[in-house]
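Each structure below appears as structure tokens.
Here come two complexes built around subunit A, the first alongside subunit B, the second alongside subunit C.
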Partner chain A sequence: MKKFAAVCGSGLGSSFMVEMNIDKALKELGLSDYSVSHSDLGGASPSMADYFVVGRDLEKPAAHLGNLIVLNSIIDYQELKDRLEEVLKNDGLI
Partner chain B sequence: MNSFLNAIVDIFSEPAILVALIAVLGLALQKKSISDIISGGLKTFVGFLVLTGGSGIVQNALAPFSEMFQHAFNTQGIVPNNEAIVAVALSDYGTLSALVMLLGMICNVIIARFSNFKFIYLTGHATLYMACMIAVILSVSGMSFPMVLIFGGILLGIVNTIMPALCQPFMKGITGTDAIALGHTGDIGYALSGWAGKIFSKNKTSTEDINFPQSLVFLRDSTVSISITMSVIYLIVALFCGPTFIQENLSDGTNYLVYALTQAGTFAAGVFVILAGVRLILNEILPAFKGISEKLVPSSIPALDCPIVYPYAPNAVLIGFLVSFLTGVVCMFIMIFTGMTVVLPGVVPHFFYGATSGVFGNSTGGVKGCVLGGIINGIIVSFLPLPLLPIMGSLGFAGTSFSDSDYGAVGGVLGLLNSIGGQVAIMVGIVVLLVIVIGLSYYFGKRGEINE
Partner chain C sequence: MSAFNFNEENVLLKQELKSWEEAIREGCRLLEKQGKVEDVYADNIIQKVNELGPYIVLCEGFAMPHARPEEGVKELGYSLITTEEPVDFLGNDVQIILTLAAPDNNSHIDLLQQIVELANSGMLDDIKNVNSLEELNKILNS
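Up next is the complex of A and B:
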């Protein structure tokens, strides 16, 4: 099972919204075996997920998490879906 | 029969069970599987208890701080932190807060469905905190339980629909789209910053055209920023308080600076725990609210948390924060020298709200607008907690308070109405507000936004 996590500063609002969008996008992309969560920057650790989704303003402080998917705009659903599709295809998951 | 009734009443007046039931209701409405419903309900139940546990930790760190501050400066010191005050308040007003939140979300959907303000407030923690503040203030005014529930719910619904509308004209300038709104408890401050930035609308230079070091981004991590500021604040207060008082009365002989540092860390730890609890509670409730509102309100505009605007102007984020924080420090000195209750500059309100105000100011007035936005926010978050203190009853003495402009504005108006005519004036005020919102909605037409 692949784990996805959205990360933002306080882990309350924007990462939660991104989490719901990731969930929707993965369903549409046809991935079935996955889990999504969200977290604050301080609480996130590399072992928490296989893929971390952040806005571009948090790219540097989140770099230690490893497998980052960086979004130009965290409110752009299409961008998120395109990036996820690209990553999943690269890793042979879909 | 009577004992059975009592048990039912007890179930519904235990907030942890109540929020779990709300989550179960939301999950059932989404037709989730039984296992999802059970685990979701349980996690929400535990989440509430985690939150109240965090409240205990925060209070343990705040109590000695208040004593130290009182001893050092001879006045009350307030640490503005939403998580802390909400957690403290929920131990007494948990049931009412949860019910006001539920009703407020329903009212939000109803108002968005039938008026031209199509905003659905999806920032769950802000809704919970606002519900809590409204429940406390209305209860303290003497309203009965059902009245608090009805009027509190309606007020929360109005606030959550109208606040994003204030920011919407500026959001278009920032994000380039009308599809997303800002739903955060600093909305009044943000709109004010965007509006004030217009003074500099001629020959403006955007903050994003200048070179600004990004090294402060690590402060976005709330545990880091809270630990740093609380340590600095606790250490300064401990130094003013002196070793004798602390080691004799508070620390049981431990070195006073070590003690201050540990208490500062304890405060950050408490907020960390509270946030974990808030996340557990919202995890199950918010997706249900989102799904249901999308079905019931066609062409709704989601109002989201403030960091959504940060990627559009990262420099404005940092400039807004710095200016806001410095303004907060200046305001603190003004309060100390005038002998008022002192609101300490909390880095969380200054960061998140200062940053957002900076982005709004920049969108209309460039660098100068950004700085002005930061100053406006700094003044707001420094002084607005003050009028809230006397109207929150015994909570006014908890050593912490709500920190954002919308709490100050909503709470301030409620307090004003209360002093004019008590609970009757508050009820009349809420009904009048509802009528005004519906009137405005038709006045501004289908677009559902306020053009200045």
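Up next is the complex of A and C:
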């Protein structure tokens, strides 16, 4: 199972929205075995997920987490879906 | 039906604001007046933005200032400010400022869900241009 986490500054605003969008996008992309969570930056650790989705403002402070998917616009659903599709195809998951 | 209930108490349209700090303080002032947050809430958000960068800018033109429940929230609340001219949020032009007070991890889900829908349907652009509370509520309930 692949784990996805949305991470933002507070852990209850944008990361929550991104979590909802990730779930919707992964369903549409046809991935079935996955889990999604969200967290604030302080509470996030590399073991939490295989892929971390962040806004570009957190690209540097979140770099230690590992596999980052960086969004220009954190609640743009289409951008998120396109980036997820690219990453999942690259990794042979879809 | 909108998850938001906007009224004279929590909305200011077409404001003239000079800085992102002022925008956050103004949004928090509306929340404080309604008893939703403590006066430290604005300082906590500003401090966090200075630490982490503009994490509250969610997409072009739209910011959602917020901090953690323990950083000054009393109960669930929100306020909406639109500005006449774009305000510079550390390199991002913002005209809609929706300040959010979330008392826990879950009670604001409906609000966030609607914001995502508004953003993805392009309706945030319409909100930027509204001139009255009536117009605003018409968009949200459409």
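Operating definition for what follows: the second predicted complex is superposed on the first by the 94 of 94 C-alpha atoms of A that agree within 3 Å, B and C clash if a C-alpha of one lies under 4 Å from a C-alpha of the other, contacts with A are read in each partner's own complex, and residues count from 1 in each chain.
We take it that contacts are C-beta pairs under 8 Å (C-beta built on N, C-alpha and C of every residue); 3 or more make two chains touch, one makes a residue touch a chain.
All of these numbers come straight from a predicted model, not from anything done at the bench.
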Simultaneous placement of subunit C and subunit B on subunit A, clash or fit: clash
Contacts of A:I94 with subunit B and subunit C, given as first, second, both or neither: neither
Touched partner set for A:L41, first subunit B, second subunit C, both or neither: both
First (subunit B), second (subunit C), both or neither touched by A:G55: both
Touching partner for A:I75 - first (subunit B), second (subunit C), both, neither: both
Which superposed partner A:S10 touches (first subunit B, second subunit C, both, neither): both
Touching partner for A:N21 - first (subunit B), second (subunit C), both, neither: second
Partner chain in contact with A:A63 - subunit B first, subunit C second, else both or neither: neither
When the two complexes are fitted on chain A, the stretch of subunit B hitting subunit C, from 129-137, 237-245 or 255-263: 129-137
Overlap of subunit C and subunit B interfaces on subunit A (superposed complexes): 8-14, 16-17, 20, 40-41, 55, 57-58, 61, 73-75
Touching residues (chain side subunit C, partner subunit A) in the complex: 48-49, 52-60, 64, 66-69, 100, 102, 105, 108-109, 112-113, 115-116, 119-120
Contact set on subunit A toward subunit C in their complex: 8-14, 16-17, 20-21, 40-41, 55, 57-58, 61, 73-78
Touch list for subunit A against partner subunit B, complex: 8-14, 16-17, 20, 38, 40-43, 55-58, 60-61, 71-75
Footprint of subunit A on subunit B - complex, ascending: 122-126, 175, 179-180, 184, 214, 217-218, 220-224, 272, 275-276, 278-279, 282-283, 286-287, 290, 302, 304-308, 310-312, 314, 317, 348, 352
